[in-house]
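These are the structures, in structure tokens.
One chain, chain A, appears in both complexes that follow, with chain B as partner in the first and chain C in the second.
== the complex of A and B ==
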């Protein structure tokens, strides 16, 4: 009996071994390395790196730019996630039952297929003062142009608008898949009972879509912290850090300042933040999303 | 067990390495990264020059890899090195010298260029262009795609408002007066634009120099960000939009400014000479190129990319790299490069070539950058250069967007720069 259990356990371990190896080598080991590295100082040929405990973290706690960047990220997430999810749902409902829907779906999905760098270059010319599309449009109505990306007040909304444009089509796909999987009887039954389309959506469709919404929410929040490509093209975090995001700040430390330990400390902060967000989303929301 | 694995890997690497060396006995293979930071199809020009070199030098194969702007290129070259990929030479930012030295990634040219002829060659470049490359008496960078800031101006617009198109403003005061005339009240044309994204510290280096100050000490261990004249220079920049209303509010984008100029939305712009050929090709109006105006004195920092030799290389590779660099910076090629791009010919001799002489005769604007070299200064370069540069960039942008005063922003930047640089003094 016990021998059989051991053998079974062994088979089990062997079966997961490839996955565990890959995960350990490419996810867990680097995370541990990052954590360890964040406890050291930046080294150079003259003064080698040495253990400094939590000094890197303390430096960031005292760094106003770090807090600014963190705040920017929160604004970015709050500004992009709800809107792009709502838009995704509306678009999914729209293209789900429409003729010529293939073209429409493609149109909505197109921004997602564009590489971020290409999209950012397009948007850079939308936002360019005086000669950009946006200012030219305003000009035809006799309105004055704005320095969209050069003004701390408008730079974040500009980035968020572009991100929503880019992300909504992607999330639409998930909603579309969920809608396609919905049984038509529900709709028929609801209509027979005499409920309107809005009530049907509010009382039947929307609750049934909750698991999808949770999935999309988690992804959208993660993306809000992971997206960084557009900053390279549009603002480089400027003006004066008004649009700097955590991931770009990490990049600056790692590759512009070559301060890998500081970048590692920031990475740990980012990881912890994301882990807390993901766990709380699953724990607190998971209980409520299932339709009973 | 880990030890054994490492040893096995090391053995394997040695064997592979030996195989590599055996192959190199026939063919030396060089990898070089290079940036392009201005408009125009410049990669073709570099690739063409590399192809010419290979034709002349069978036995040396050069992989010239275009790697984006200066920052991207440095990141890629250093990442390749760390990843064990060969990189024997690269064109990198002239001001990255300190960082590259600190990372122990590069060797001085003096180690390789040892013959009398080589030593003469080291002296053949404009001294102004060597300022960022010579540190502690050794030459770490050889000028290649080098520029200064010049002022491009729209002559048609000058005529339109009654300014003399052949007399561009030579002082700050004249520039502001001209800019006020050129600015249209309905916002359809700004009199002046100085870009403040991408390389704000570079533009500011010019303003500070014109106001009689340098931004850093020659050994790269001190910055002078909050000297009164430096603060005054930043205040002047801010006033151009806040008080004089001749430049748009907020920051001005480096990347799209050339387009704005070409579309007539900015009548005078400060930009790299590296844009000259592209502007000449696309401008539908008569345009002029002028030295930057001065206040206490005229001046502009130099800018652009230098050749560096990387440490991780064999003596044969170093010799071949030197050969390539000599080829690329020879007067004829420097002339060809200057004509194709607008970057400067890097040596006095290049301006003596027939090609460049004829070009300048036909297009005198091309000589402005060279003439400005007489008053040029080094570009901001210090130890911890990435951080120090960002401190200044942030201070400039904070001032231009009105979120801090020039004095407060520069005081902060200076204080933090002092903290960063203290260990190097």
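== the complex of A and C ==
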């Protein structure tokens, strides 16, 4: 008996070993190494890298650009997540109940299949001063154009509009999946009770979609932190960091300024944010949102 | 009023669809018209394929497509093997430390490889894998998402099938190959399609870890081609953008049902 148990345990270990090794090498090990690296100074030929404790963090805490970038990330998340989630839900409801829904679904979903770089290339043409589509459109109404991506006041809304366009269709899929899993009797019962469409949505559908909404919310916030591809084409984080996001800032420190310890410290900040996101998902998933 | 509301909603739905398609329609318009006439939006402007021909000759797009194809296939093949094995282990075997290990696997759902670019680049440099397909693919090969999805699917299969196959003399891997894999085919397809479309479009990590044309994938090639400082004209960029997105878009349009079903299935979890 015990021989069978050990054989089973051994087989289990062998089965998971390859995947776990790769995961450990490229997820867990780098997490630990990032934390250690962030405690060292940037080395140079005269003075090699040495332990400096939390100095890298202190430098960033005193750097207004760092706070600017963090603020941008918060604005980016606040500006894109609620709108794209609301649009996604409306899209899902429309696609579910309308004739021609295959065409609608295709139209909403298509931007999702495009590389972010391709989307940025296309949207760049909208925002280009003078010859861009937006300025031409304004011109026909006799309004003056502006440098949309070169102006700190407009650059973030421009990036957010594109991101919403790119993401809403993706989140629609999750709502669609949830809606398809609901029994049609629910709707019939609600209608029998004399429930209006809006009341049905507010009192029945919306609460039932809570777990999906939470799942989408977490993924949308995660995306707001990890999506920076468009910055490479559209703004490079400018003008003067007005559109810089944390992950792009990390990239700049590591691969443009070659300051690896600083990049490591920034990565730890990002990891901390993601950990908070994961934990809050865990807590909320267990508490409020279990209806089924 | 009661009839007017749905009609109004219908109109809104189609309007939104048009709005959502318009960026792509504009890209199509620009790609098929001569540069001089693009900004005029005259309906009688002559159509041309010149932009595609020129873009194709200005950068090695055939090479980029080939590189992306190799990258996506390599990642997919490795993911299929690694994730299936691991999912089977987590779903059907009791071993000490299993639950802790599984929790550690789930960490990657949140801490995606993109976040760890700095240290992973360091690792690749030490392994001598910078500027190789393997270097681009390796961090993604053990996907926590894949392991999670397949484990769910394996767990939902009746244990009796497993027992029966073992009584017939199947080995551990035999059971996996003959019983679990065939029955989990829809999940494997779903995961495969999600993975392919993700890696076809992936940019940041390939950008960092490659530095030569012979390895660079489409997204990176396109970014270099279309960067504002390269001074390439808008119709050419449109043509190049459409060419890069075309293989995946064509596959999506052909197998639309399958794609959407897969995303739906992967979304339910």
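Heads up, the rule we're going with is that the second predicted complex is superposed on the first by the 262 of 292 C-alpha atoms of A that agree within 3 Å, B and C clash if a C-alpha of one lies under 4 Å from a C-alpha of the other, contacts with A are read in each partner's own complex, and residues count from 1 in each chain.
In this text, a contact is a pair of C-beta atoms (placed from the backbone, for glycine too) under 8 Å apart; a residue touches a chain by one contact, two chains touch by 3 or more.
None of the values given here were measured: they were computed from a predicted structure.
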Which superposed partner A:107 touches (first chain B, second chain C, both, neither): second
Contacts of A:79 with chain B and chain C, given as first, second, both or neither: neither
Between chain B and chain C, more extensive residue contact with chain A: C
Partner chain in contact with A:145 - chain B first, chain C second, else both or neither: first
First (chain B), second (chain C), both or neither touched by A:238: first
Contacts of A:47 with chain B and chain C, given as first, second, both or neither: first
Chain B versus chain C as contact partner of A:255, first or second or both or neither: both
Partner chain(s) touched by A:125 [first = chain B, second = chain C, both, neither]: both
Interface residues of chain A shared between complexes with chain B and chain C: 124-125, 128, 131, 255
Complex contact set, residues of chain A against chain C: 5, 8-16, 18-31, 33-34, 37, 87, 91, 94, 98, 100, 102-111, 113-119, 121-126, 128, 131, 133, 136, 165, 169, 173-174, 176-178, 180-181, 222, 225-226, 228-229, 232-233, 247, 250-251, 254-255, 260, 263-264, 267, 270-271, 274-275, 277-278
Residues of chain B defined as touching chain A within the complex: 71, 74-75, 78, 99, 102-104, 187-188, 190, 196-198, 248-253, 255-256, 259-260, 263, 265, 384, 386-387, 390, 393-398, 400-401, 403, 423
Contact set on chain C toward chain A in their complex: 9-10, 12-14, 16-18, 20-21, 23-24, 26-27, 30, 39, 81-83, 85-86, 88-90, 93-96, 98, 101, 104-105, 107-108, 110-123, 138-139, 141-142, 144, 147, 172, 197, 200-201, 203-204, 207-208, 218-219, 222-223, 226-228, 234, 237-238, 240-241, 244-245, 248-249, 252-253, 256, 260, 263-265, 267-268
In the complex, chain A residues that touch chain B: 44-47, 65, 124-125, 128-132, 144-145, 147, 149-152, 235-236, 238-242, 252, 255-259
